[in-house]
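Note that chain A is present in both complexes that follow, paired respectively with chain B and with chain C.
Entry: the complex of A and B
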């Protein structure tokens, strides 16, 4: 696992990918911070939360090549014909992308230090957002890795990952749209208003349950709970395990 | 030692490999010969554990590749058709990475890599990016990769494809050196290549074993249909008739006539014990027909299959 981690992590810096991702993140976080700084009201928690909206761009960039490139170049054969375990390969690549995120995030820590130095406040809510940020990063990177394992084209992998993350980010909007539409449809069919409203409500709640953003919303106010974090980690593990199964299945494929 | 027993692999409806069995002894070089699409690469991919078979077993030094994959894979070094190289790494970085994958002990690593790098002659390029190397060097790095971890078995899938003649000779030399203390399986669709390095050949066609034989026995079987190419100046018709009259020649026909030079294909019947070329030469010289070129024609794979399957 360590071997794969080392190779993938270093390979980010042998190509423009690592630099582009870091530059992009530095620019975005720096822009938000300076904007707040000049108006005199720095809020690290809200900066970190704004940065979450760029998962949809940065995660596909750093994960698209992880397996797709191996397939295209034929290097994946190394993982099948050496004694290394395939799940260790998946974990190694996951950790490499995660570590790159960690390096990008150093920007925010610098902003925290600057804020402190200028007698600003870095409260528990800021740390809460940071924790949530990393758990969400783990979740989205695992989605990116899955996307990378299903195709040998980096572009398709990036698009797939982009759409998945976009859908998750818009989950609360999508849920009310679907819920209210179905509710309205039921009432047109002559179902009692109470029932159709209840069904619509249930659907909205059901879909919202999947939304990691609302689940972790309280962290920014310093209200911590374990359940949302376990939620993120469980889904990350599910996606990584699916990736592992897809790789494993390739060996048995008959087409 | 590798024991392959009744290997079958389906791709959808197509049977890429259909009941292949053979054994590779220790320190033996086995040639794996067949036309493109015969199932060579598929078989090799199954032996190395990259693909799984639909049915049948592969045992590497007694370990089943599916039941004890880690033990089996430790004994195999594999060079696939497309060498699995990371173009963004230097040769040394790459080989160290392979050491990690094959779990070579840290203490043995330096010595082992130095030995391999010297053996495949990539000392000069050890610090260069693989992406910047020529095809011949890339192939050697591919072989180096297979040698990491000291496997007792090497599986090389078309190791000389796309190389220039000098590089081909170098790689063959290398394979012969390696054969001294490794079992080697080499696939190829070129007969002369297999003849140059192998002790024994497995010929496969359409996913089935067409023949398993030693090189000398194979040549003997093939000698029944040996052919010569004769290119000469002079009267084509008269010459063909004269050559046909030479004892031991069963047929002679003109293949190409270009200006005043003709090219004829002479079929020699297998029974003649004496070298037919002497009599043909004297026949030609007696009639003052200058010989421009005279050589034996290598049988094509198709001819080998025809002669082996007796069709």
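Entry: the complex of A and C
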């Protein structure tokens, strides 16, 4: 796993991908920070929360090539012919992408130092947001790796990952849309208004339960809960396991 | 023949493939189920206990005072806190950010005595009828309703904060402190105590705004209303407490007569008058009413000559101390006051009138006159002056009682919004109100306001040159350098 991690991590810097991703993150975080700075009030938690919106762009960039590139070049055969555990390969690539995220985040740590130097506050909410940022990054990177494993085209992989993350980011909007549509549909069918509203609300709550952003919202206020972190990690494991199964499929399937 | 042989050979292969496929799908399904079930179980069973509030002043957690109070309620108590709105999801830069997590904590720590729900009356109109069958509470969308045994106290999110009065005068509401827990715990205390009372604020005498004092009284369980001075001025029968808060002009003859009747009928009242914008006003009619309680407010301003008491060079802003009978009214023995008038016992000969000094100056204070040209004239020798007094009739079943303050620093919006609900003066006036209305016999909880998050940075460092330097470094130099390196790396390795 360490060898895969090392190879993948260094490969980010042997190609433009790592630099471009860091440059993009640096520009976006800088823009948000300076916007806050000029108002005379810097809340690092807000900056980190805003940066989460860019998962949808940055995660596909850093994960699209992880398996798709190997498939395209035909080097993936090495995973099946060398005595290495396939899950270790998946984990190694996951950790490499995660480490790149860690390097990108240095920008925010610099902003924290500047804030402190200007007698601002880096409170517990800021650290809570940082913790959540990394747990969400783990979740989305695992989705990106899955996307990369199902195709040999980096573009398709990036689009698939983009759509998945976008859907998760818009989950609360999607849930209210679905909930209210179903509620309205039931009303049209003659169901009592309060019952149809209750059904709509249950659907909204059910879909919202899957929303990692809502679950982790309180961290920015300094309220740390273990459950949302377990949620992120456990679903990241699910996506990594799915990736492992997809890769392993080649061992026994014809295709 | 050979086809049959091949089919026989591939049969075990297909079987193996099939079983591996089943194994693969099975493990995925099992893992997903385990993850879903364990997440749901963890959230339901341990979620509440595995949540920790590390925020400044525990903004999102109820204090031990609230926990103890709720614990003291009977086990079968069922209080509903209903947010008349959809549960807010986006709390960023929103006052609800202080309310929603705190209410969740009430539900978590109440042992089932308090439930919190969000019901939008636009979606579920029946909720208003359910909470307020008689339609007497005038519940509205976006309020919180604290419901207990058919009674409701409405809490406005706006009222859960104190605001800077300077900005408020300019039309901006700049919150200074978080009083969410204060508002909700006191609403719970009041609704479960059974205490109800109505206070009227006399208006039309160029009185100070009393928004903050009304808020404090509301948290004590009072319903408040204004009573405008007019030719038909009358004090309603349901008045439990009358308040005249820093009038700039004297009361009218009509108000004097009505108040005299009110006192004769055992009415309670609080009067606060200072010496700031009303230097020429001696309040003869108001004093005539106060004289019935053997009290008098003098038309002088107290100057504090003791340096340990004086808060400014003029001595007009100074500390005052409570007398021994009022030690329980505040944990602090000293209070701020400015431009105070002396309050003294009048020479009413009736022995059934009992007066008591409440707040006093040092023994070296003097009373001085300031004329309209701001010339100061020493009037009396140095002695201890009363800044607040209490009076009542002894030997009556329902005697009139009053607190008279020669300062507005206990009741004015400007003072309370500047110093917040935790200030000693506010604590003191709150206990005066509780004392005069018998609220001491009921449950009440003292909750500290919490400071709001302040992310301001040193304004001297927010210069346009600093902003420009940072813009260039963070948004131009660093990203551009990385893009250049990316281009170099791409060029070097494109043929590998």
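Note that the second predicted complex is superposed on the first by the 254 of 255 C-alpha atoms of A that agree within 3 Å, B and C clash if a C-alpha of one lies under 4 Å from a C-alpha of the other, contacts with A are read in each partner's own complex, and residues count from 1 in each chain.
In the analysis below, contacts are C-beta pairs under 8 Å (C-beta built on N, C-alpha and C of every residue); 3 or more make two chains touch, one makes a residue touch a chain.
Bear in mind that the values here come from a model prediction, so they are computed numbers and not experimental data.
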item	value
Residue contacts on chain A - larger count, chain B or chain C	C
Partner chain(s) touched by A:106 [first = chain B, second = chain C, both, neither]	neither
Which superposed partner A:167 touches (first chain B, second chain C, both, neither)	neither
Touching partner for A:77 - first (chain B), second (chain C), both, neither	first
First (chain B), second (chain C), both or neither touched by A:177	neither
Partner chain in contact with A:155 - chain B first, chain C second, else both or neither	neither
Which superposed partner A:2 touches (first chain B, second chain C, both, neither)	first
First, second, both or neither for A:11, with chain B first and chain C second	first
Chain B and chain C footprints on chain A, overlapping residues	14-15, 251-252
Sites on chain B touched by chain A in the complex	9-12, 48-52, 54, 69-70, 73-74, 76, 78, 80, 82-89, 97-98, 100-103
Touching residues (chain side chain A, partner chain C) in the complex	13-16, 19-20, 22-24, 26-27, 29-31, 33-34, 37-38, 40-43, 46, 49, 107, 111, 114-115, 117-121, 123-125, 128, 172, 194, 197, 208, 214, 217-218, 220-227, 230-231, 234-235, 237-238, 241-242, 245, 248-249, 251-253
In the complex, chain A residues that touch chain B	2-3, 6-7, 11, 14-15, 73-84, 251-252, 254-255
Interface residues, chain C side, partner chain A - complex	16-17, 20-21, 24, 27-28, 31-32, 35, 38-39, 42-43, 46-47, 50-56, 59-60, 89, 91-93, 97, 101, 123-124, 126, 453-459, 461-462, 466-467, 470-471, 473-475, 478-480, 482-483, 485-487, 489-490, 493
